[in-house]
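In the two complexes below, subunit A is the common chain; its partner is subunit B in one and subunit C in the other.
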Partner chain A sequence: MLTVILQQGINGIVVGSLYVLVALGLTLIYGVLVQINFAHADFVTLGAFAAYFITHLLSGNYFAGIAVALVVGGVLGWLLNATIFAPLRERGNELLPLIATIGVSIMLQNAMLVLLGPIPYAFDTPYSNHVIRFAGLFFTVQSMLIIVMSTITIGILYAFMKFTFLGKALRAVSQDRETAGLMGINPNYVIMLTFVIASALAGMSGALLGPVLVLTPFAGTSVIVKAFAIVIIGGFGNVEGTIIAGLIVGLIESYTTQFLDPGLIDIVVFALLLLTLALRPTGLIAERREENV
Partner chain B sequence: MAAIAIGLLPMIFTDSYWQTNLIVCAINVLLAIGLDFVLGYAGQLNLGQSAFYGIGAYASTLLITQLGVPFWVAFVCGVLLAGVAGMLLSIFAVRLRGHYLAIASLGFAVITYQVLLNWISLTQGPLGIYAIAPPPPLAIPGMPAIAFSNLGNLFYLTAGFALLTYMLLDQLVRSPVGETLTAIREDEVSAASLGINCPKWKVFAFGISSAVAGAAGCFYASFVGTLVPDAFFITESFSILAMVIVGGMGTLIGPVLGAILLTVLPELLRGIGDLRLIVYGVSVTLVVLFMPGGMVQAARLVAERLRRRVAATPAKAKP
Partner chain C sequence: MMKRSFRAFLMPTALMAGLLAVSTTTGFAADKVIKIGGLFPISGPGSYFGVQDKQGVELAVEQLNKSGVNGYKFEVQFEDSACSPLPATQAAKRLVEQFKPDVAIGEECSDATLAIMPVMAQAQIPLLNAGSSSIKVTEPGNPWTFRIMPNEVMQGIDIATNAYKRLNARTAVVLHENTNAGIGNAKVFAETFTKLGGKILADIGFGRDVNDFTSIATRVAGIGKVDVIPTYTLEGQGLKITQALAQAGVVKGGGGHSIQLGTIWLPFGFEKKAGKAALGYVRIVQFDPTDQREVVRNFIKAFKAKYNQDPTHINAHAYDQVMLIADVVRRGGKDAKSIRDGLAATKDFSGVTGSVAFDKTNQNTKMDTVHYMETMPDLSWKALKWN
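The block that comes next holds the complex of A and B.
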């Protein structure tokens, strides 16, 4: 019994750390722009497919696949900011960019469906069938790789935000865009950078998720719905909250699968989301944001 | 005029293929004006429309098939249930900004779909419910009974209901209620400072919107005759959103035009098949970027230009 609990705990952390990577992108963008990018999900899917094709093309060089997925994500993020978010920023309507990205998302998903078909792709990396046994527990090297890669990425991101000038500028813009502008920070540049970083994260998490998920053009959607729940549970724009909430959702997912029924995962996660909205609308780790009058 | 158009259409399109499309149009019009009431007027993005549509469809069907409730009673129950579900959901999320509501409603749509899929003892899951009867014949004393197994009559029923809903919503948005909702859309903080109870009105708008979607669901079930959860997947919410955006949100006639265009256009372009949703996606994005008022704004611009051209050309001397 204990082994089962531990085993599922590890599985939960593996999935959870990937959700954190996806959700961090959403939360970063929300932080600087107070906007949601719906196409984030499709960047995850596109990252996964990019990694799949590169890995197969280069006969099993998974790391090249991850790198390409990172770049693909970054470029898509830059493109999306340049074509959708930047032109709509002057409009001042908070729902228009969200709706536009829903349009982009429908477009990307169905374009992928036409090009790649609905049948799931089997994304086997050289590491997915390597099993390590330890004290009665099983891990694939792939899942270890996922934990290591996401921990490193989150660490780098954290250090970047905390210690570099650009990271500080990013935080300054998310606190107060106008004042940051007065301090000589170019908010447009920071917003562009945030999109590139956030979307590169999405692409990379796609590359890491690809071998774990059922890889279809709609793979990202199931991830993004949980990522949305994570950002709300963790508090929009709150990095630490997002990390904790992501791991919680990952654990909920693996324990629900083990002890209840996989069909209930979304229902349990959503119940937690509603509960958070009802009891602590600012997220589990409260961060006060004054309403602008 | 609309009533005349509705009256004539099934006489022009007598084959069952186009009559089917007409009914789909009427159902989509209902869904779109329902969404527009909460999105275009109250400024709240409801991505759960597919769920309320599904709740209306499944609730009314189950009441009829399992409990033998008469159609119209089940219809009212389905509409009420969808409306109450919408209000309950928005109570959770109204204190928050538009984005939270959008995501909470999207999450609700995902959950409803999962429940429909997994509660097999009730909904038969992916197998679906079959052989749902059309609405019972309407017997008006002194006239032959109107059977709704006839597609033309079913169209009159759904389109008539859509027209009625349109007129009611039209009255509502022209009344002080409409002004209150618009005030909330424009600036919630200012509206609150004027003494408007914003959460209460948002719950109200959400309730109306989801009840209308529930009504559309009841008609859908009795028209198609089969129910599967896939008809109420979240992509349905996005399709409805596309109709509202393309038509022009914030007007009631816009979503009607958008719903008709986006239902009929893919049928006319049969060859594109899989590309239908790509067209939806592209058109939503382009409309938001370049013509946020949708078809209504485009029509106004064209009318304006024509008027100016007429004014610019010197009036011809009358003989």
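The block that comes next holds the complex of A and C.
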């Protein structure tokens, strides 16, 4: 039984790491803009498909696929912010960009449906079926890669936010956009940067999720609801909270599957969400709004 | 300037959305036309059904309209019923109110079919179903609904009996999606297998939003020796389950002992996608491409000529639906009522998936539409000829 408990712990951390990567992009955008991006799921899907096609084109070079997915996500984020979200934000109505993200989501899903079809793709990387067995435990090289890539990405993002000028500027805008502007920071530039980073993260998480997901044009939507829950449980835009909440949700899924029933996963996760909102409305890490991101 | 560029961006978007939202029609102007309404999932996780259904339907209509049947030609309108009750109801109402079909075909997913049935019954339009397995579709019986495919009870009893008697299985873990069809199929298997003397070690249900099946595979691996794992799910999740069970060393494809048993729900090409994990997978399909009957050989030839690909069982049963309607028209069917009566009187129709004869509940009683296949090491199929 100890082996099974340990195995489910590994499974939970792998899934949780993926959730964290998806949720971090949402957290960044929420932290800076106090806006929910419903199209984030589709950036994840696009990243997964970009990685799929590049990996196949380059005869199994998965790392090239991940890199391209990162770039595709970033470019898409920049493009959509420049052409849709930024002009709508300028009108001063917070609802317009929110609704626009829903429109972009539907548009991207249907465009992918037309171009790629509805039949699930089998995204096998050179690592997804390479199983390592050790002391009764098993894990694929792909799952180890997910944990390593997630850890590195989180580390880089953390260092960027804490130690670089741009990262500090981003945090300043999240604390007080107007004052940051008075201090010489261009808020529009920082918001653009936030969209690019968040979307690049979504693209990369799609590349890592692709071999795990049932890869169809709707793939991202299956994880995005949990990612939203993680953002809320973690503390509405708090990066550290998002990481902890993502891992907790991953572990809850694994242990619910083992000891209860996989059909109860959503009930348990969303009960935790409601409990968090009721008992700790600020999320797991209750920071002041100005300290978010 | 920005306004203009935003509009320029929205225009193609709106056009694309419009193209997707508007249903497609395959038809022509003619005096004597049988109007067929196609209710299939074109969007969402079950949309792979709809794409393949449409191919089968369009091939059949194209062949029939070359010379017509009894002076009638066929016109089809497709609506997206999305494999889900609410959109299926809306699509069915739209079809009835706007297209006014003489007969409807679809859906694939049981939950959606069950939602469509009352709409069709109220409009007194016969519904011919080929892909839903829930017993509720034909029990206790609906005078306007007919089903070609063996229902979950017929399939479940057959699979459980073959697992016990031919595979000598004594223990099983049942995996299923939490839908009417998933739960129903799993229940029938479990009841039959237990009655025969087998033991169900676990019954694991899951939602359609589950992506990673490693935790479920871990749980199955922790149960001990399992002889068979009947699995009731759509293609995408089925693929992930098979790979996860192999990675956990549970099934033959991963060096384990268990044999995975699959359903009619999975399309051709599944094994190619699952890779070596699918080795030893025994599953039923609704269409045997090695069948030497003339109707099957002609269908395969025509399908390859039109689409440059091999037909799947979904293509095949969609084709059969239209061909069965044509057979009824040949026997005098000309409107909803006479087509319903003609379908009910069907006793000896021979289609590409097998033969059709409806009982009092309008369920096809023939089991030759079920073909057992085993996945070989080169991922090809071996027809087990159990039926």
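Here, the second predicted complex is superposed on the first by the 288 of 293 C-alpha atoms of A that agree within 3 Å, B and C clash if a C-alpha of one lies under 4 Å from a C-alpha of the other, contacts with A are read in each partner's own complex, and residues count from 1 in each chain.
As a working rule, a contact is a pair of C-beta atoms (placed from the backbone, for glycine too) under 8 Å apart; a residue touches a chain by one contact, two chains touch by 3 or more.
Keep in mind that what you see is a predicted model, and the values were worked out from it rather than measured.
**Student:** Both complexes share subunit A, so when I overlay them there, do subunit B and subunit C fit or clash?
**Tutor:** After superposition on subunit A, which the two structures share, subunit B runs into subunit C.
**Student:** One more residue to check, A:Ala122. First (subunit B), second (subunit C), both or neither?
**Tutor:** In the superposition, A:Ala122 contacts subunit C only.
**Student:** Could you tell me if A:Leu213 is touching subunit B, subunit C, both of them or neither one (first, second, both, neither)?
**Tutor:** A:Leu213 sits against subunit C, while subunit B stays out of touch.
**Student:** Regarding the shared-chain residue A:Ile84, is it in contact with subunit B (first), subunit C (second), both, or neither?
**Tutor:** After superposing on A, A:Ile84 lies in contact with both subunit B and subunit C.
**Student:** Mind working out whether A:Asn110 is in touch with subunit B, subunit C, both or neither, as first, second, both or neither?
**Tutor:** both
**Student:** Would you check which partner chain A:Asp266 touches, where first means subunit B only, second means subunit C only, and both and neither mean what they say?
**Tutor:** Both partners, subunit B and subunit C.
**Student:** Hey, which part of subunit B ends up inside subunit C in the overlay, 170-178, 224-232, 242-250 or 296-304?
**Tutor:** That would be 224-232, the only stretch with clashing C-alpha atoms.
**Student:** Using the superposition described at the top, list the residues of subunit A that contact subunit B and also contact subunit C.
**Tutor:** 83-84, 87, 103, 106-107, 110-111, 113-114, 225, 261, 263, 266
**Student:** Any idea which subunit A residues touch subunit B in the complex?
**Tutor:** Residues 30, 34-36, 83-84, 87-88, 91, 93-100, 102-111, 113-114, 221, 225, 228-229, 232, 236, 261, 263-264, 266-267, 270, 273-274, 277-278, 281, 291-293 of subunit A touch subunit B in their complex.
**Student:** Which of the residues in subunit C come into contact with subunit A in the complex?
**Tutor:** That would be residues 2-3, 5-6, 9, 13, 16-17, 20, 42-45, 47-48, 50-51, 178, 204-207, 209-212, 214-216, 218-219, 221-222, 235-237, 239-240, 243, 246-249, 254, 267, 272-277 of subunit C.
**Student:** Write out the stretch or stretches of subunit B touching subunit A in their complex.
**Tutor:** Within the complex, subunit B contacts subunit A at residues 39, 43, 45, 92-93, 95-100, 102-104, 106-108, 110-111, 114-115, 117-118, 189, 234-235, 238, 241-242, 245, 274-275, 277-278, 280-286, 288-289, 292.
**Student:** For subunit A, which residues count as touching subunit C in their complex?
**Tutor:** Answer in residue numbers: 1, 3-4, 7-8, 11-12, 14-15, 83-84, 87, 103, 106-107, 110-111, 113-114, 117-120, 122, 124, 128-129, 131, 133, 138, 140, 143, 209, 212-216, 218-219, 222-223, 225, 253-254, 257-258, 261-263, 265-266.
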